[in-house]
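In the two complexes below, chain A is the common chain; its partner is chain B in one and chain C in the other.
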Partner chain A sequence: MMISFFRYGTLFVLTLFSLVSLSFLLAHLFPGDLLTNLSGVAPKDEKERQLLATLWAVDQSVFFRFFRYCSLIFSGEWGVSISSGLPLYDEIRRTLPATIELSFYSAVVAVVIGVPIGCLAGLKSYTKLDYTINAVAIVNYSLPVFWLGLAFILVFSLQLNWLPLSGRISLLFDIPTVTGFILIDILLSNSLNKGEAIANAIAHLAMPVLAVSLISGAALVRLLRRSVIDILDKPYIASARSRGLSSSRIFFDHVLRNALLPILPLLAIQITTLMTNAIIVETLFSWPGIGDWLLQAIYQGDYTAIRMGMLVVAALIVSLTIFVDILNRLVDPRKRMPTNATT
Partner chain B sequence: MPRLNLYQEEFHPSPWQQTWLAFKASHIALAGLMVLASISLLALLAPVIAPHSPLLQNPDVLLLPPVWDPSGSLTYLLGTDALGRDIFSRLLYAARTTLITSVIVVVVAMLIGVTIGAIAGMLRGVSSSVVNHLLDSLMAIPTLLIAIVIVAIMGSGLVNSMWAITLALIPQFVHYTRNYVGEEMKKDYIRASQLDGSTKRQLFFYSILPNMLEMLVVQGTLALSIAVLDISALGFLNLGAHPPSVELGALLASSIDIAYLAPWNVMLPGLCIFFLVLSINIVGDGLRSAIRKRVKN
Partner chain C sequence: MALLDIKNLTLEIPHEGDYIRALDKVNLSVNEGEVRALVGESGSGKSLIVSAVSGSIPKHWRITADRMTWNGESLLNLSKSRRLQIMNEDIAIVFQNPLSSLDPSVTLGEQIQESIPSRLVDGKWFWQRNASRRQTTIKTLHKVGIRAHGDVMRAYPHEMPYDVGQRVMLAMALVAQPKIIIADDPTRGMETTTKTQILKLLTRLNKTRSVAILFVSHDLLAISSMADTMTVLYCGQTVESGKMKHLRKRPLHPYTKALIDSAPSFRNDLPPKSMLPNLGGSIPTLQHLPIGCRLGPRCPRAQKACVNVPGIRHIHDHTYSCHYPLHRDKR
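This part shows the complex of A and B:
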């Protein structure tokens, strides 16, 4: 067990290291002045240039520059955005929680919808119910997320006027930013009408979360259905049945746990799709998250923002993936034996 | 499995024929194949079928609704956009761009991915560990992010977004091939041809590749549906195809401003992407279950 934790630790450190080197390389690949690409400031006079050049070690050798780059990144000195001039650390600190919040709720909704329906389809396999669920799932799975979001906007906010069009919360509520997660912030604030504020925030969340979670939920339904059908074919289910166990006992003790196991590693891949969809949906609903921010950075040619935004999102997703891998190893006793990457 | 036929001699279908027979048995899969074939045909023959040029503007008929609307006109089957361009022709050309680029992207990604995967799967020892860890970490970076970075370096445009999506699709082929080759290398028939003195290259091309070709096709259809969605997503975010060339996602994005006035402008390209992806997914699913059925028998 300790060995495999050590392996994952080295994997994590190596991956982070390669991501940091990649972002360092990007600063050299982007068009424009190297110093501006690293710091985000276009120096006005020779004195300022000199100051920045010593900080980012631009005139030193590549190795020393890379070393300085790493130490600056780990101390939170990420430079400033080229277009807005604000420190990138604060910008990302502001936008990242919004994205995490959106993705987290979408993941929760997708699991809550996907797992029971997937199990149901697997248990009733090759019946009318199963075919209906499968058909709905494959339709949902094939929907382009940006189009689904647009259709939601057209129907729910423009035609029916039920849900707000964009943003995270109505401007009438004055919620101080503490954690950056809107629902937690509302609970922490001493505003008079917390209930209304939460209802308003949830109304803002509903459409983007639904758009993302419908697609991920459909993928989950398909994976789980297949897995349940495979497990039901196994001899140990037949033996459990022959021993006269009740069907609910068979399902919860023998089927569900074994069916969820092969899904865990696939979930790691689903996380990246979910984040990608969240980034696209953000631009549609003007959700002030990191995806929206990154796209604005691209349109404006803000290279420091692109570089750091990419690094942070990639690091986040890599850590999540490795976390799911470790979880998978903890849950699955067959995988607790120390193995190496070759097998 | 020999099939008895009263009138002719015994008929032994080859594995591919067996797969086709199992595929044909599913009506939904067959319908999906037909839809996909007709969309592809319409898209490929766009220059012949399209009634108007996709770029021709007609200032007399702006925002004409589709033909089923009382005020629609037969000259413009699906209506016109804000500049008086025929939506039907634009859709055909856009579908053509999206479909052709996706197919190219998938084929290139498959060739590169299978090559790297085969090499990684046959490696042993430390080098294998390093390569596999590196590939695993690459898998984790989302497609769109890679695409954004590539577009940021090279500038937006259809060709650049194609490169981006190719790069993003490679890891899944690598992953699949690597696992498959790793599994097969332990089996006896590989050991037998190793004893016969075959090199690693011969092992891969003559023993392993024929076995994995079918599942590779299934993987390819999955990748194709992802590629269509990604190319149109990039087009939608203004990072893909630029105005003179028409592409489904870009077409949708360009008509967002008039979504409330003329919703068919947004809905039709979306429906087109949807049906394309849906039919690809159905064909992929049908193919996979056909192969599963054949292996079971």
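This part shows the complex of A and C:
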């Protein structure tokens, strides 16, 4: 077990290393002055230029420059945005939690919707119910997320006027940013009407979360349905039935776990899709997340912001994927080393 | 009174728009306290009978029988809850392949414990009941010859060697204290000493608790010492059935004779270094079943009449189905 942890650790470090080198390479490939691309500041005079050049080691050899680049990144000195002039670290620190919050709730909602429906479809396989669920899931899965988001806006905000159109929370509520996660911030704040603030934040969350989670949930339904059908055919289910165990017992003790185990690594792939969808949805709902922010940076040709934003998002996805892999290894007994009885 | 009584069980499997008769009018009965052997080559449908009894036949297969009863209750149209109750309390099945018949994600201890019917668990509160379950499990594991019960209970199926898995399957069958144990080739792949232990255990259970045993195997040697009665199956047809000693002494069906002749230990008159007699050819596949008596193409005694399925004939409690049985020569 320790060996496999070590292996995942090495994988993680190596992937991060190559991501950092790629972003370093990007700074050299972007048009314009290398110093500006790295630091985000266009030096006004020779003195400032000299100062920045020493900090980013622009005049040194490439290896030394790369080494300095790495150490600056790890100490949180990410340079400033070319367009706004604000430190990138603070910018990303502000926008990333919003994206994580959106993706996390979407993932939770996707699991809450997807797992029961997928199991139901698998258990009632090849019936009308199963076909209906499958059809809905396929339609859902093939809808582009931006279209779904626009449709939601059209129906729920503009026609029915149930849900707010954009943003994270109504401007009436003054919530100081502590963690960057809106629901946690509300709970931490000493606002008078926390209940209303939370209701308002949830109303703002509802549409983007639903748009992202419906698509990931549909993928989950389809994966789980197939998996449950496969497991039901296994001899150990027949054997459990022949021991006279009740259906619910067979389902919860034998079917569910075995059905979820093989799709866990596939969910790691879904995380990428989910994050990407969340980033797209942010633009639609003006959700102040990293996707919205990155898109602005791309419009304005803000090379430092693009570089760091990509590095951070990629690092986040890599860590999540490796985390799910490790989790899979921990929960699947077949993947463990045979340590117990070998009589 | 027969515990398990099957008459004319026919099982049809859909194949390319048609139905194949995988089992063709099989007769089998197991009396109380009896050890019956069910013998046949691989592919003769032994395991199909087992799954038919356990009710784990896929829905789209067609199963018909004149009679398939458990203690006088028909197994074919049971309510779901009654079926579960019977399977839980009375019938225990030891499946062929322990590795695939055990859930890979649950420890063996838990799997054994969950097969204990609740009426056999003492105690009122859940911790008392859990302790009682654990006790029963440990005792049963010792009974099937596993001494390191802790290790085995913590282990997952893939961590087990084959024969330990087989013993765990047996333990799972025993914890329910069933009236009948249907053992589908429980000694397969075991070395002789282990095999003897398992056979002894089954015999002891049969003698002390009068558990009926349906022993499904192709291992004649293993069976002949313990079984009271034997049913021989060939390609989904019951060929011959009767008391073990009668069958051994004087088989009436050519297939039974070939089967017994091919086991050297049953022969005293075999000259040294002589070839063992056997039937030419091999068991036909389900897609190419011959009509009439399915042994026909391989049978040394086959004649024109064999294209019709032979009826069942009786000599006392010895039944066989053959147009030209062996006893006719001896007259």
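We adopt the following convention: the second predicted complex is superposed on the first by the 337 of 343 C-alpha atoms of A that agree within 3 Å, B and C clash if a C-alpha of one lies under 4 Å from a C-alpha of the other, contacts with A are read in each partner's own complex, and residues count from 1 in each chain.
As a convention for this text, a contact is a pair of C-beta atoms (placed from the backbone, for glycine too) under 8 Å apart; a residue touches a chain by one contact, two chains touch by 3 or more.
If you're wondering where the values come from, they're calculated on a predicted model, not measured in any experiment.
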Clash-or-fit label for the pair chain B, chain C on chain A: fit
Partner chain(s) touched by A:I279 [first = chain B, second = chain C, both, neither]: first
Chain B versus chain C as contact partner of A:L26, first or second or both or neither: first
Partner chain in contact with A:L14 - chain B first, chain C second, else both or neither: first
Touched partner set for A:I317, first chain B, second chain C, both or neither: first
Chain B versus chain C as contact partner of A:A42, first or second or both or neither: neither
Chain B or chain C, by number of chain A residues touched: B
Contacts of A:Y141 with chain B and chain C, given as first, second, both or neither: first
Partner chain(s) touched by A:L154 [first = chain B, second = chain C, both, neither]: first
Minimal inter-chain CA distance - chain C and chain B, angstrom: 8
Overlap of chain C and chain B interfaces on chain A (superposed complexes): 340-343
For the chain C and chain A complex, residues of the former touching the latter: 51, 54-56, 83-89, 91-93, 95, 97, 100-107, 114-115, 117, 146, 148, 151-152, 154-156, 158-161, 164, 172, 176
Of chain A, residues touching chain C in the complex: 234-236, 238-246, 249, 253-254, 257-258, 261, 332-334, 336, 338, 340-343
Footprint of chain A on chain B - complex, ascending: 123-125, 128-129, 132-134, 136-137, 139-145, 148-149, 151-153, 156, 182, 225, 229, 232-233, 236-239, 249, 252, 256, 259-260, 263, 266-267, 270, 273-274, 277-278, 280-282, 285
Parts of chain A lying in touch with chain B, wherever the complex brings them together: 11, 14-15, 18-19, 26, 29-30, 138-139, 141-147, 150-151, 153-154, 158, 268-269, 272-273, 275-276, 279-280, 283, 294-295, 298-299, 303, 306, 310, 313-314, 317-318, 321, 340-343
